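We call the chains A, B, C, D, E, F, G and H, going by the order they appear; numbering starts again at 1 in every chain.
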């Protein structure tokens, strides 16, 4: 395709039928996409050892099937998030090698073992039992992205001693993901206890003036603890992806 | 005044100049306020030992002067909240016996000593130094309403050890007011440590997505700690008033 | 458990096998949870005579079963809120001793009689018939927490005489919970009639610009009656919990 | 222009060169704006006996002067709302016959006596002293529009007896305007006491979660009392204008 | 009942067994509701010729049955709003004399003919076909409240000629209800064409940034046409109730 | 009725009983609606070559049938948007000539070939696969309105090279519609690459803090690229309609 | 710089020291920015005949001076928007050739005559006198961008006849910009009268529930008239820029 | 202090004057802060090489002076953010060694050279010139925290080539901070180009529907590029603090 065009210019230069100045001019006006700069992208996922990811919510089962098959053909591991139990069951009929993770509402297919890429540990901390689906999505994602993952669940700020009892675990992590709904105060407390990057994930858990996670989101954005950054409501996947990148810094 | 009217009816009945049926009819059509039900209100403040309170914001100095003088004439103590320094100075020219409390942005005139009415201690806890004006308004109000007041300042959730170090003080209070801006997480943490009523006061301290105290307000309304109730943003006075009522329950 | 470790250090000091400086250093680095500070929490619920509480919304029936059984094993009474009729029926199959309260959407299991702990009466006032589920949750919770409870239902502000006719009842309560949807004005009116703590509960009753209870919530936060504090939308449980704490102040 | 076209058709009809049926058809398809339909509007204000009104906020003094002079030239009375004291003083230099109403932040010029047009009384009820500017704007507007106006001020819902004491006055009004900030509950209470149209005016009085009058606005829109309609925050003028129209229904 | 108590006091006074001072004291402490001030309310509905109204949304069929029967027993007409088709069918089984109005999602039972009470005509104008359920609720309510009602449907502002063609109808009405969703501009246009009270009803019709009727509500509150007042989103009943009161002013 | 009046005037003119000047005056004051000005509208749709459009959401199948039949009778093409699959199937039973477009959730009936009216190309660009239904609605609408339409799908801003690779296509379009959910950044990027009108369509795709498309909407309204205008969330139809008008400017 | 690298590769090919395949590979990995693709942008503004534009709000006078001088040096015309009177006066001291447009709050410097580029007329319609600054910014921008511009001011929807009287002007425009605050209904009405692209500009004019232009913005986004697109609040410049692009479509 | 108490207990045990059981009991009831767990905090700042930080907004000059002096006494470097020019000048009178950074609105005092602690480079990318104060605060903070910092300014998404031209710089950074106002799209574009943690900082730059940075904030939270985390509006300091932590992961 476009390589042909450039090849032709180069051949003309070699053959002397076009001089260097003219060739330079022609090259400058080629649409840059022809230079293959997009290919960086094509290889990025595999190079990183990251799985291919599908956001399952709002996609039909046939759509899911088509995309999963395409990704499998590329040879990598596959992670489909936001897959409810019924959709998961249907997909496992088509892909018997798939594993459905009920707690994380996700489906994975591992075509090759996950390579350990992140040097340290990613810790996932979670405030209440209702926040677990989001936390589990983060755990699963981080594992598939090549991190050692540890979890500390059910340590809400109204019962501080449970969190304080896990200070050792907190201090050993390289990056900490904190998942919390309701008032979203847990990341502030954790952020005050450690000197590690803390990624806060608000959840839509709550009712009334929680406004589907907005109260938790605002709480986290206004955290009085420095070092806390925030992702979208219920975005366990995004937190784990960011944590994976952080865990590779100088890794 | 109105008692006279009723007395007259009764006298007429006694004297036989009006029969019972007619008197009954007349009584039914008297405006009920004439029966003294409004008078409960007139005496409520003094009976409780509460000061007379003026919300100073948006009132001109002449308006303030008139109202203060009227309240003084009734004989009680006076508390004017939301009085800035300039307004306070002007008012002290008119009322030399007044005291201006710069930290609480309030002015008080004590015509008689505050009687101790609340049986226990009201504790005012405060997250950051910027929250102090609201906390100080609560402290001053609670004192003027006859409570012993203690304060624990600058114990934000990002430095838990400072709060934990004051657990003894927390456990000795009858009612706790917790003042916090930003993410408003402190009441949840305090509420998890004690078995006392906790009144949460969000402050407008913060910037950006704090939305003038809304983030803190939502955090407090969604507190995972039971026993926490909430008042309006920056409403130190209201919190202290409610705390005073609570401190008199069975007191 | 951890006490063993400390005991060992102390024995070593006693026996002279460890000197004081070294023992001091060891003690400093023990995780403080080992010192029993967490145990306060473990006993809190039973000590208070409060039931164990489960927030049923969003929990599956198997999850509910597991949690209820665990709580029963601890020996206390159990209260599960936000349990719809279908879920309630299923749970009563597993726990025949359970009682389902349709009006309060709650399920209770009393393993021992509720001990009367609150000294005064908790009064639950409610504006409209649609607010009754929230009010009933408050009534049930307050009763299980050891309070005498009275209720005054259907006394909206658009028909003041009904409320005014119950002034006697209002004045006899130690703490008043006021449940209201729509414009949420009832707590202001009640707060103006009494000198008791008033806990306002906005409900999600209404449509259009009620925004699922936000209009009522804002109305209550802006109440012109001092002494009113607010809990989250539909949070009948939280109001009753706070009322129970208030009813024990100096009780 | 367009008149020429119609005149030509009429001349053709007169001259017999076009018959009536054809002329009718042609007239029907003429653009209507050419028929002078706008003139209805030009006379509306004077015909109603309403003053000419200027919204003063954001207008410069020269702009105000020009508009006022233009309105005076038309011969009617003039009402300028949202005129602060400084602007009012400047304008009175130019128009010595003007009257500045400090409480209503308005300026009026009466070139002829206001004719009484509304048959009944318009009552303006107001919750707190801070709401008075809005109430006063409503009073002044209603008077200038030819209504008898009565006012009942400072009757907030937290002190019901003051309102109940004025039930006679409420029942004598034809239309009632209720002005209230904070939680905006007063219109509901008034609406429950009378069988008259109640126009609710939220004010921007309050702080924190009053959100500049939004809490009051929502409270009024969600009023549990039927018969209450609402205007924009602080819109005393609009309420009085609507009340004037209502006071002329069958008047 | 209570009258007996007062009668007894008066008899005692007459008989001399109680003196005037004591009788006065006793009367003062009687709950004022005993003086009959509440009775105004009991008779209000029937006196006005208004039907008894039930807000059907969120009420179960048994609840509806109980309330309807109770209202029927009082002898008046009954209007139940927000009754969907299924609920309506069930209720008509219990009350064969009931009529279900599918367009208005309402059910009525007329025990006696509606008496014409409003002197003029109530006009209901409606922007789009999707707004018709709300408009129909307004029409039905206004009719049952004794008004002559006319309707002008499907006259949105994007096709002005349809509205302009009905100017005669607009000018004949005593009160106009304008129902509109989306941008809610119709009341402004109607308000600019007439000198009658205009009650604007925003509807939840629309999608995206209509936010369930908020866009229309804000548009109406900010109407540039004076004389427009607003009710809650989808509140056709409330608009008609208010219109009925307006149609009786001086009627 | 009104025609009679005009006819009478014309007859008078013809008969000489009224002169032209007086007749002109009389005609000017007739209400313009009588002149049939609404007829302009009746012909607009057909004159433009635009299809008749029905917004299907919230309309019942019988309602849809009636409207479609009425439009067919007028002779034009028909486009029904927001028609789900089930409703589409039902309607195709009634109208066998109809075509259901599953991707666009729309149904069309072409009674005559679409005439090419727009001179240039309308390009529809779309960020993610979940945005396709909205994009497809825009494509279908633009085609039915007589435009040549091209599409560039799945070119989100997180993979810029895909968009940059299509710069040639962007530069050939006359008008560009950009459909995007989530952060809604694509229109800014496209707007920075071209000198054509860009119509941005936010979609409700996303979760959490996307607030049903509000995040995308705000992003588009705040675009740093000049030349971008915005329509309502998910309004593919509206974007295509506006694009059609733009494609005819000087066309 | 980078050209050198490419030139070197080409020379190597010419000289035979690098073969074509290797050269192709090297070229593919050159950063594409080296190919001059950025230069497209540098010439865009001048090529279009558009002025250079500075958003003046929030920029200091020294900053403004530096930027203006830099733009002047490039040879084009300059438009600075959001320049208040004081800033404008200061800048005119530095740039005596500048013209300050008080109504549009803008400053222009024309170094060469504006070339007429847009084929048709851009019409700017404006609802109220307070909207004029935004409208004037649009007028000035559109003129400087080479369009013939006409304006129709003060034609709010509450006085329809004024707008209807200008239908001729509306129908002659190629593109229409409609500027309106408060309820923002004017674009819907205009959009219903014409078959031209309508760009709606909400203004921050209003108070209370206008929320700084949000009410108008929502009204416009929900317009029932197809063909209306919207820009940010007060963005007269953006509307004119978009209108200029539209006026060149097929122009 | 507290160590003394424990030491005493241990000595008593050693000396046999207290037995192990009693000593154990005593230790359990010591406030745990006495065990040194709080001391971690006291040394954290210095140990990390982080400066002491003061949030200057809302603090008076005397308050600032006191805090700065206290921090200086602890021996570390000092960073005061949100210090306007006037406040900065006053503080430099008191602290001649201070440096005021006008672009970052910050003041620093370096008592000892900043030690390089972060292993890689922190890159600060910024969309527009108005975003520079926030970006400069991030740059200054990151430098003082021991990072090598590079900046890429003025690379908004509407002119992609400027950003693409800096791809080399992007790929060399360890962590990237992206500062943007308006639609906040830049972090998505940057996040799509790199495999590094991206911290997005929304700024309050914009007007109208930017809502003081909310549009940018929502855009960033909904970023379609994985790996992006977000801090509060205008929080350049917080972004740099988090970046510093990330730059030390495995560093």
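FYI, a residue touches a chain if its C-beta (ideal position, glycine included) is under 8 Å from a C-beta of that chain, and two chains touch if they have at least 3 such contacts.
Values in this document were obtained by computation on a predicted structure and should not be read as measured data.
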Minimum number of chain-to-chain touching steps separating chain A from chain D: 2
Intersection of the contact lists for chain A and chain E: B, C, F, G
Fraction-based call for chain D against chain B, same above half, different below: different
Listed chain pair B-D, D-F or C-D that repeats interface E-F [over half of contact pairs the same by residue number]: B-D
For chain F paired with chain G, centre-to-centre distance based on mean C-alpha positions, whole Å: 24
Whole-Å separation of chain centres (CA-atom averages), chain G against chain H: 38
Residue numbers of chain F (touch at least two other chains): 31-33, 37, 159, 164, 208-210, 214, 217, 221-222, 226, 232-233
Contact pairs between chains, per stated definition: A-B, A-C, A-F, A-G, A-H, B-C, B-D, B-E, B-H, C-D, C-E, C-H, D-E, D-F, D-G, E-F, E-G, F-G, F-H, G-H
In the complex with chain C, residue positions of chain B that touch it: 44, 48, 53, 119-120, 174-175, 195-197, 199, 217, 221-222, 226-233, 237-239, 241-242, 245-247, 249-251
Contact set on chain A toward chain F in their complex: 31-33, 37-38, 40-41, 57-59, 63, 202, 204, 212-214, 217, 232-235
Chain G-touching residues of chain A, taken from the complex the two chains share: 3, 6-7, 10-11, 13-14, 16, 19-20, 23-24, 27-30, 32, 35-37
Chain E-touching residues of chain C, taken from the complex the two chains share: 129-130, 159, 161-162, 164-165, 167-168, 205, 207-210
Footprint of chain H on chain F - complex, ascending: 127-128, 156-160, 164, 182-185, 188-189, 191-193, 206, 208-211, 214-216, 218-226
